[in-house]
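Paired with chain B in one complex and with chain C in the other, chain A is shared by the two complexes that follow.
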Partner chain A sequence: MDRIPILRIGEMLLVSIQVDLQDHTALMLQDDLSNRIVETGAKGVLIDISALEIVDSFIGRMISTTAAVSRVLDAETVVVGMQPAVAITLVELGLTLSGVRTALDVDRGLRMLRDSVEIPVVGRGVSPDDGRAD
Partner chain B sequence: MSSQPDQQWIDLLRDNEDEVIEAWTAAAEASLAGRMTGGDLANDIREIYNGLLAGEGSETDIRSSVYDGLRALLNDLGRTRARQGFSPTEAATSIFALKQVLLDLLGRRGDLGAYRAFAKLSIIVDDLGLYMLETYANARETVIAQQAETLLELSTPVVKLWDNIVALPLVGTLDSARTQVVMEALLQALVDTGSEHAIIDITGVPAVDTQVAQHLLKTVQAARLLGAECIVSGIRPQIAQTVVALGIEFGDIHTKANLSDAMLLAMRRSGLDIVGRS
Partner chain C sequence: MDRIPILRIGEMLLVSIQVDLQDHTALMLQDDLSNRIVETGAKGVLIDISALEIVDSFIGRMISTTAAVSRVLDAETVVVGMQPAVAITLVELGLTLSGVRTALDVDRGLRMLRDSVEIPVVGRGVSPDDGRAD
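== the complex of A and B ==
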């Protein structure tokens, strides 16, 4: 059975959806993701859907729910790389994903998260600017 | 199956073939006002003539299978005439001319029985003319549809104003078909150029009603899903008044009176400032 991998990058989690989502895969992802956020104490979640070409109302709602769940667990969610056709479909379906932040690509999404997520404790010997893009 | 006397018209055509074709060509040529060469026309007419004879006079319904060849020929002719810009009357007259030719021929003979045969043939000729007109109209519609499509593509240029900023100057009325094309073009441009700001300039849109506003909102929402922000600019005073009178809510979408203000805002948002020298 397909499982969507969840990668950890520092304080953030990266979910890259590279296959067309089935309903059960999507539900499993939601489950896995919430578990991982709690485990890792991630402050940001990046969902890359650039390879997703087909969405229906279920997947659309699932993206929105996942973002809401992450926010409750105190992790900012950014959906990145949406295809134009997918965006049009979602708007036609009336799903505007209000409350979900979006970015054009992973790079910008990452920057967006870094700017907004506060990392309060900085280890000694590491400059606070390390790893920042700007 | 028709009875024997009803088939007299086929004999009439067969016996006077050369004479009828010649007169028919002359009549058709007059109606087409010299815009086709006599040779081409004579060929077309001879083929129609042969097509008619192929039925052996047994059928008066031109949709029967014996007239398959004839119908294909008329399809072809109807399309060609439409492309060449002949009017419907001109196209149809080239067929209907056959009636006048035969009537003249019969008038010289004064044969009463032959008139009955003519009446029969007359029905077929009318059907042929109508059939060709139908093809003609279809061909015209195809041309119009193609032109409409071309217009749609022409009317949606997405221009890059600056790094990170694209503009979409809209000219003409926005309907749902056009909005769809506009939306796709804009979103594709945002993805291709990696721009985070889009300016939709509606200076050239003559009127904004609830439907147009709805379409604009959809475009802005779709752009947001991609991670880009839209600014709507070029709102004329009358349009602003109409929008308020209609109770249209643009929500949190930024609107500006002109393109330059919108561009300034977009540059601010992407962290740029324009500073005068000295």
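== the complex of A and C ==
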């Protein structure tokens, strides 16, 4: 079991990382994910790291690269479920997840993605009635 | 990392099983899941097994028990992402996931749960206009 499943939820893709990422698992995930984005036309990617107790520079870089690749394919990335200890370590190590947004949980992440994906309606303005009779 | 994360998506909970389940992992999952159902008032549980290449009698029983516990707590369970080979093996072994519904993927499972959870609107009927002038 070295393939991390990519789950589709509407227009979004969800990846829940539960295992220690090795080089080839990470590469395979990036490969699978970019393929799925193209196949499904997904507009957003959620990466759940709630099961991770340690995020080192390798995983940090992997997440940043994945987000960069997704962006090129027109999908936004949100990292969700980060444990408080992980956040502290990231800051202490000076690792910034550049170009990646974060949310507390999957639910908020989904909402964040949906809000930013929604296309604003333009040109639907109703001309105001100015009340003049003729 | 022996705790399987439980992700909330709206009124549903999603569990993606990616690791070989041991006795204590399975027990912990059942415990965590029932607690989360009570905490969140979730109406449905999705168990994603797309990463599993083998489903033996132990996992089969675990899924059935989880579904039974969830039902008592007023949440329906849908198993999603079963690989074709797993389905064949289940039938060959005579393992039926009793009381558990299945769906092809998370998206369809979510829709299935939402459809069955939705409360039918009663008494909103609009009386038809019969066209008579007086």
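Everything that follows uses one rule, which is that the second predicted complex is superposed on the first by the 117 of 134 C-alpha atoms of A that agree within 3 Å, B and C clash if a C-alpha of one lies under 4 Å from a C-alpha of the other, contacts with A are read in each partner's own complex, and residues count from 1 in each chain.
The rule we apply is simple: a residue touches a chain if its C-beta (ideal position, glycine included) is under 8 Å from a C-beta of that chain, and two chains touch if they have at least 3 such contacts.
The structure displayed is predicted, hence computed values, not measured ones.
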item	value
Which of chain B and chain C A:L97 touches, first, second, both or neither	first
Partner chain(s) touched by A:Q30 [first = chain B, second = chain C, both, neither]	neither
Touching partner for A:E53 - first (chain B), second (chain C), both, neither	second
Partner chain(s) touched by A:Q18 [first = chain B, second = chain C, both, neither]	second
Which superposed partner A:D105 touches (first chain B, second chain C, both, neither)	both
First (chain B), second (chain C), both or neither touched by A:I4	second
Interface residues of chain A shared between complexes with chain B and chain C	105
Of all residues in chain A, those that touch chain B in their complex	79-80, 82-88, 90-92, 96-97, 101-105, 108-109
Residues on chain B engaged by chain A in the complex (per definition of touch)	180, 183-184, 187-188, 190-191, 194-196, 218, 221-228
In the complex, chain C residues that touch chain A	1, 3-5, 7-10, 14, 16, 18-20, 48, 50-53, 81, 105-107, 110
